[in-house]
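Two complexes are shown next, each including subunit A; its partner changes from subunit B in the first to subunit C in the second.
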Partner chain A sequence: MGQLIFNGLVTGLLIALPALSLALVFSVLRFANYAIGSMLTVGAYLVYAFNAGLGWPLPLAALAGGAVGAGLALAIDRLVYEPLKGRGGVTLLVASIGVGIALENAVRFIAGSSTRGFAVEVARPLRLHGLRINQEQITTIATVLLALAVVWIVFRFTRLGRAMRAVADNADLAAVRGIPRRQVVCAVWVISSVLATLAGVLVGLDGNVDPQMGWNYILPVFTAAILGGIGNPMAAVAGAVVLGITEELATLVLAPHYRTMVAFAVMALLLLVRPTGLFAAQGTAK
Partner chain B sequence: MISYVAATLVLVAIATIAGLALNLQWGLGGLVNFGLFGFYMLGAYVCALLDTKGVPPLAAMAAAIVVTAAVSAAVSLISVRLSEDYLAIVTLGFAECVRLFISYEEWLTRGTLGVPGIVRPFAGSVPPEWSDAVFLAFAYAWLALVFLLLRKITRAPFGRLVRATRDDATVAEALGKNVLAVRAKVFAIGGALLGVAGSLHAFHYSYIDPTQFSTTLNAYAFMAVIIGGRGSHLGVLIAGFTVILLLEGSRFLADVIPFLDGAQLAALRLFLVGAGLVAILIFKPDGLVREYRLRSGAS
Partner chain C sequence: MSGLVLENVVAGYRGRPVLHGVSLSVPARGSLTVVGPNGSGKSTLMKTVVGLVQPQKGRVLLEGEDVTRLDAPGRARRGLGHVPQEANVFRSLSVSENLKVAFEFIPARSGATFASRLEAVLALFPEIRPKLKVAAGHLSGGQRQMVAMAAALMPEPSVLALDEPSAGLSPKNAELLFAAIARIASTGVTLLMIEQNTRLGLAVAARGLVLVAGQVKAEAPATDLLSDGLMQSLYLGGH
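What follows is the complex of A and B.
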């Protein structure tokens, strides 16, 4: 039981990064980014290229991959989302579906469909008060907490973070007050893609690197973001942890390959009962 | 060669029917169905499983249509009250669940082994050498029927109501229309059409397994709708024939471009679909053919 909750916590933290990334983009750019799964995949492959291709150690490779991924995200924004600005959330959503398909198949085209793994040493799991803790789980917890802390500090205490919150709150008012929307959007894409890349690395450490990897996470990521109340970045993290633990506890009664169904059931129930998310403040307008 | 062309033409008809279904749901009704392939897969499996149990093919197909329509309506009710973003993820989630269920519940669906020996309609009454030709005609008869049905629906008062709920749900509601019911109906009709497409898929291959159903169908359908012009069935028909024929026909390129293998070509094709989707949204957002409008007396 304790083991399940611990595993669920780690799974939840893993989902938290892309869920935060999704909610961040949603809150500022006002569309559901279906390319989030492909961004995760592309990030994992970029890091893989630096790690296994050039032989760099994983942390360094992750930094380099994150930088290239951020550049890619900015280029995609310039080419796709910026020209479509103001055309409504659904148009952007469908565009992001197109971007997702293109990215995933670019990966397939260049790297092939076979599964790969990062060049890391296999370590023996730790035992602590009867809990089995893998090396990857420690890496996941540390990375995610660090990333979340950085994003939270940026969001809470910097000029940029304040600008982001202002645009998310009311874009027109922010524009009137002279907040440069373009800079905020670029910053959002950089943070979002770095988070997706980190998530890709952690997913790849946990399992394999393959072109489908991001796609498999789309549903849990969206569910987590909706749990938190989409467009509410930090609550998405809490939503992810709740979802992770629920998924893990559900393995007591359901076969493990039905995790996706658990995520779907949680989402369906939530949308029927409390579509504003578990943690949304009651009574706030819009 | 002839059989290859015939097979491609059948696939084009199936994908175009799926495109028309999406055009009803998204183009006309404004409801993004990102789980198209799940409903399609459900239709194919219901039809195939009944068919191989000895139910007459046409009856199996009818059952598949009824089941997908009912399930579509039920799925849409989870989120039609909310904005489109939610419907997209709910339908996608549903599709993934269908795929998981079919892949793992071996007692019912034989899992990854697939369902072999699906009998086509009229198999008993036509000689085997005519089987493909008869089935081609059958598929195109369905395509024609679906197209005419959708045109009828679109030009009827119900079609006007659907467009009204898409353009401004609040106004439609204020005029006393039941927006929720309209949306569920639109989703159910679209689901029925996906049941048609899925059944045709099962008959065409006469063997189905979970790997045949992927998001490629989604990509084709969205491509057809966006290029054709949202809301225009004629546009979707034209786009289906040009674009999907082109994409399916590009399998030939494997013989012409020796340095790319089959998997790379498939990836390249889907990459172009994705990039093309975005390009059309940016440069030609209205598509080829404009949506049908009632002409007012003055103009």
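What follows is the complex of A and C.
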């Protein structure tokens, strides 16, 4: 039981990064970015190229991959989303589905469809109070908590963070207060793609790097973001942890490969009962 | 010198004009209240002034400078402060964050610091000082309107554009707010206001303008408009 809750916590934290990324884009650009899965895949492959291709150590490769991924996200925004500005959330959602398919196939075209793994040492799991803890799990927990702390600090205490929250809250008012929307949008894409790349690395460490890896996360990521209330980035993290633990605990009564079904069930239930999210009761969240 | 000038402005939505050649001029440190029946184009006029709607024809001048092609953030940085009619505070941000974000993206004209501007606007609106840490969405309508006005004043705008400040307020709160607007006008800011409540709106302005069906029907000293019985009954529905 303790092991399951711990595993669920780690799974949840893994989902938290792309869920936060999704909620951030949704709150500022007002559309559900279906390409989030492919952004995760592309990020993993970029880091893989620096790690296995050039032989860089993983942390350095992750930095480089994050930078290239951010550049790619900015280019996609310029080419696809910016020209469609103001066309409504559904149009942008459909565009993002196209972007997702294009990205995944670009990965297949360049890197092939075979499964790969990062060049890291295999390490023994730790044992602590009866819990079995993998090195990858420790890496995941540390990385995710650090990333969340950085995003939280940027959000709460910086000029950029206030600008992002202001645009998310009321874009017209932000404009008359002199906040340059374009810069805020670019910052959102940079943060969003770096989070997706980090998630790609962690998912790749947990399992493999393959062109499908991001698709498998789309459902849990959307569920977590909706669980938190999709326009509310930090609550998406809480949603992710709740979902991760639910998924793991469900393996007590269901075969493990039905885990996706749990995410589906949670999402369906949520949309029926509380479409604004679990934490949207505070009144100020819109 | 002119604070704000509109020259033959034609503007509207999706190519269909709502304003048909509107011209107006507010002298620097002067004040003008625009009144008119519902649907006369008052809101479109305000949006055109602040840059949320681009005019199809005509020019907008801010302190003599042509700002017609500038978007809303560009005009805000040139010294145009705006208080929209509704949704005029960031509800999920605290009051102090609302004031901060209103200050930090517009270069202060006198080089004043945030702290000194904060003290200046809190002196105008002492009611919001105890609410600084509260989320703006949790304030009453009257308090929200004051926060919105305080936020617009943070970067020391040369022109302040107010869109229906009394909308949704109780008569008592509206009186309080207009007392504050009179104080603001006396600080030397150029004031353009759109107002449904003719009596309150014209009482704090030097001049009044009557807008009907997207055209200027009259422009005169505010006191003359208030006492002009014909104008009242024809266009303003008053007595």
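Please note the rule applied: the second predicted complex is superposed on the first by the 281 of 286 C-alpha atoms of A that agree within 3 Å, B and C clash if a C-alpha of one lies under 4 Å from a C-alpha of the other, contacts with A are read in each partner's own complex, and residues count from 1 in each chain.
Everything that follows uses one rule, which is that a contact is a pair of C-beta atoms (placed from the backbone, for glycine too) under 8 Å apart; a residue touches a chain by one contact, two chains touch by 3 or more.
Note that this is a predicted model, so its numbers are computed, not measured.
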Contacts of A:P57 with subunit B and subunit C, given as first, second, both or neither: neither
First (subunit B), second (subunit C), both or neither touched by A:M267: first
First, second, both or neither for A:L93, with subunit B first and subunit C second: first
Touching partner for A:I179 - first (subunit B), second (subunit C), both, neither: second
Residue contacts on subunit A - larger count, subunit B or subunit C: B
Set intersection of subunit A contacts, subunit C complex versus subunit B complex: none
Subunit A - residues contacting subunit C, complex: 159, 162-163, 165-166, 168-170, 172-181, 283-286
In the complex with subunit A, residue positions of subunit B that touch it: 30, 32, 34, 78-79, 81-86, 88-90, 92-94, 96-97, 100-101, 104, 215, 218-219, 222, 226, 263-264, 266-268, 270-271, 273-278, 281-282, 285
Complex contact set, residues of subunit A against subunit B: 31-32, 34, 79-80, 83-84, 87, 89-91, 93-95, 97-106, 108-109, 112-113, 218-219, 222-223, 226, 230, 255, 257-258, 260-261, 263-264, 267-268, 271-272, 275
Residues of subunit C that touch subunit A when the two form their complex: 50-52, 71-73, 76-77, 82, 84, 87-93, 97, 100-102, 104-106, 135, 137-138, 151, 155
